[in-house]
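These are the structures in question, set out in turn.
Both complexes shown next keep subunit A, but they swap its partner, so subunit B is in the first and subunit C is in the second.
Coming up: the complex of A and B.
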């Protein structure tokens, strides 16, 4: 049984009469202990999908799904209280901006211990011991003295390590990392990624890595889903996704990477930007930006269909042989 | 923390100096002089007038009078009232506790009601409760104090007979003054009936005086909470699985307290400066009534001393607020070092 089984997830904002779908037809299956990537430009709906999964969206978001299972729990059938009980204990999340994600008015130690106190019956000294152990495991130097530190006294990288320590405090089965390194310096990014993967291997938790940075995910995730305008457009093992992309959008993401270009050659940007939920074109949402678009793409929305070792949402998937260009 | 408080205290020196000048100038800017008001409507012949001015030292150059006053302040002597001949400090100390008692209860009432109302209005933004609370607070804020006070007196004292109309306590009780706070003194004297009477007298003026601070606190709490509830660390706190109560009242409220404490401090300062209207309506023997009387009599020493002492009290409240900032937010505490 997969740890996470999502089928047909849909998140609407706005009036009931004119709903704006931030996410629709979102499918995701994640095995116990697997590492999965989720990529897409900003505005593609990946963060909204993850927040919907956690149950952290505000009351103005309407969530529906054919299936939303975590382990043997049907998340849609659970009470609010029961779902909250899962957060921080079974499923945890690390956010993009680590400095803003820590409460400035509480010490680091208190913020870690708070999660433990919420979910486990543990004495004060035992909680403190666990917090210290967690800080040590996320590679914070002089962890004993850091317990009493305030968030503003730590760097961004250190804050993200603390956030990871908080997320792992109750040994969750799933960790969602939403752009965990985007706000950090390049030198620190690699350290945090290394730490996440190392912890994933040691604890055996599943890791859902959300990023706009395809190479970052290519190095780490076994399988990757690509999101565009609220929908998954391609899903397959990361190695073949990068080597032989079938969806034009995946191909465009890869072509836009600077390292794929020779010196002096002009970088290939994807023209235009992701359409907002209210302004999505008819047919395939990508067709106005797609160099391979044909008349049918503007009329008929493609479905996500099985394709080789994964699936793709395109009427005219690219020929794998031509992909390396 | 001691260094933080010390640095704030040092900043007070120029403030206090400015206050003495202002208090001195304000007292003398009022037209007329003490001699004229003492003599009443029948007037006084010029020679006698000049002699009395000389006797009171009012014929000296203003600069000399100011330096004389400043010298007195420096040595802790605020002079004597021209009317009662009693030391200004002594008079102040008898009326100040009445004002403090009223203000503290009024602010406590404003916080006890305003804070939860603001929090709930923010959490239930756009709900009927939010709309009702914000409309009521705007009404309370806009209501003239003298009108609001009279309205409550008419309803609760005259019509329903629930509360007394004026004063601090029934005349039949004789409570030995220890602190000057009747609620405390009656408890020290172990006189339950007197305590009840003092409390009974306090309720209505405290509500009248607390209405505007209540409205300000409720609105400020709401807007500060709305901002904090959008913060990343609130989402992160929810992601830990914490209960809504803990997220709202521990994490969000703690972060929203800085602006709220600011308005509480400002409100307290204003009330200490003499809730002139409220004290007049309820015949409350406090600083406000005392100063108004001094203005009427052109009692320069009382005005100079009284304004300075009240300003000093306001400054102390502000200092307390600064210290509270540091306690509430570690970033402010560390930046002050």
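Coming up: the complex of A and C.
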């Protein structure tokens, strides 16, 4: 049984009469202990989908799904209280901006202990011991003295380590990392990714890595889902996604990367810009920007269909190895 | 450095630039001195691109601000097109300021939301005060077309534009004075992935068309590798390595350059674990380590690195500041 099983997730904002769908027809399955990547640009709906899964969206978001299962729990059927009980204990999340995610008014140690105290009946000294052990496990030097530190005394990389320590405080089965290294320098980014993968292997938790950074996902995740304009457009093992993309959007994103060009070459740019949720084109949402689009793409929205080792949402999936159009 | 790019004359020559900031430590203590930039020299050839790379706090933005004459260096010399920029006053100084323009990272923050596109692009011309109203509007229309915006965009406001269009406006604003040098501070990193390549292509096209040089501040090494002719690697306000981009990317000689190049993710699915990143993070520029500033994080460091600051010296077609550059 998969750890996470999502089918047909939909998140609407705005008027009931004129809903704006941030996420539609979102499917995702994640096995116990697996590492999955979720790639998308800003506005693609990737963060909204994750917040909906965590139950962290505000009351103006309307969430519906054919299936939203975590382990053997049906998240849609759970009470608010039961849902809260899962948060932090079974599923945890790390966000992009670690400095903004920590409360500036409390010491590091207190913020880690707060999570432990919420879910486990432990004495003060046992909590402190656990907090210390957590700081050590995320590679913070001189952890004992850091327990008393304030967030502003730590660098961005150190704050992100603390956030990871808080997320792991109750040994969750699923960790969602939403752009965990985007705000950090490359050398620190490499350290944090190494740490996340290390912890994932050691604890056997599943890791859902959300990012716009395709190379980062490519070297980390076993399988990857690509989102565009609120929908998943392609899903398959990362190796074949990168080597033989079938959706034109995946292909175009890969082709536009600077590392795929030689000096002096113009980049293979995608024309146009990402449509806003209120102004998504009819048919396939990517068709106005797609070099391979045909008349059918403007009329009929494609479904996500099984395709080789994954699935793709395109009327005319690309032949692997075909020249770009 | 003149030997690196002998063909084109230098549009910017900076020698031993220093910038020191006093940092308050409370009302009754003397302020500490933060050396944001420590004797950095650099040359940008006309129509070419020089990239500045390094982690946050390395001094790259300070360097950008000094070159754009937003701030004055504490010491050092700055020449633009052969003219001493620090001594220039009055109209001469205004001309130099027009010759160096900036494009910032975030077009959402760098454009005044209350001005429309025409006004935003016209503003630099107004400040220079050379053209009539009709001439200005003509120049704005031509510039908008050059950056790929339609005439209909002229009356729109920033909130009516997409991120990519906004950055095109920021680029138009920078180029409308026909500068010799544009300082571009992470010009694409705030843009959508699928739009970044468009804006980069635009910058490359404009460089060819207008013969403008770029000082590119970036942490995106694949991008730097693609478009830069020369590279300056900064660490804690000091030059670690600088020279022709080809030489440095082919064979980096400073351990910090190597670490930076090795740290970025590679587009190979489940690639074997990258070379271990350097441990720790850059130390505070308020208390730089003695000797080589990188030695506490350097895997090649020996006793001398902790004591003696390495000089920037020529080696294998570039300048490098490392005691052990020959054996690395």
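The definition used in the following text is that the second predicted complex is superposed on the first by the 322 of 325 C-alpha atoms of A that agree within 3 Å, B and C clash if a C-alpha of one lies under 4 Å from a C-alpha of the other, contacts with A are read in each partner's own complex, and residues count from 1 in each chain.
Heads up, the rule we're going with is that contacts are C-beta pairs under 8 Å (C-beta built on N, C-alpha and C of every residue); 3 or more make two chains touch, one makes a residue touch a chain.
Keep in mind it's a predicted model, so treat the numbers as computed, not measured.
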item: Subunit B versus subunit C, judged by how many residues of subunit A each one touches; value: C
item: First (subunit B), second (subunit C), both or neither touched by A:1; value: neither
item: Touched partner set for A:273, first subunit B, second subunit C, both or neither; value: second
item: Which superposed partner A:104 touches (first subunit B, second subunit C, both, neither); value: first
item: Touched partner set for A:56, first subunit B, second subunit C, both or neither; value: first
item: Subunit B versus subunit C as contact partner of A:306, first or second or both or neither; value: neither
item: Doubly contacted residues of subunit A, that is, touched by subunit B and again by subunit C; value: none
item: Footprint of subunit A on subunit C - complex, ascending; value: 55-56, 162-165, 192-198, 200-201, 204, 219-223, 225-227, 259-260, 263-271, 273-274, 276-282
item: Contacting residues of subunit A [partner subunit B, same complex]; value: 54, 56, 84-89, 92-93, 95, 97, 100-106, 114-115, 118-119, 150, 152-153, 163, 166-167
item: Sites on subunit A touched by subunit C in the complex; value: 41-43, 141, 155-158, 185-191, 193-194, 212-216, 218-220, 222, 237-239, 241-243, 252-254, 256-263, 265-271, 273-274, 289
item: Residues of subunit B touching subunit A in the complex; value: 231-233, 235-243, 251, 254-255, 328-331, 334
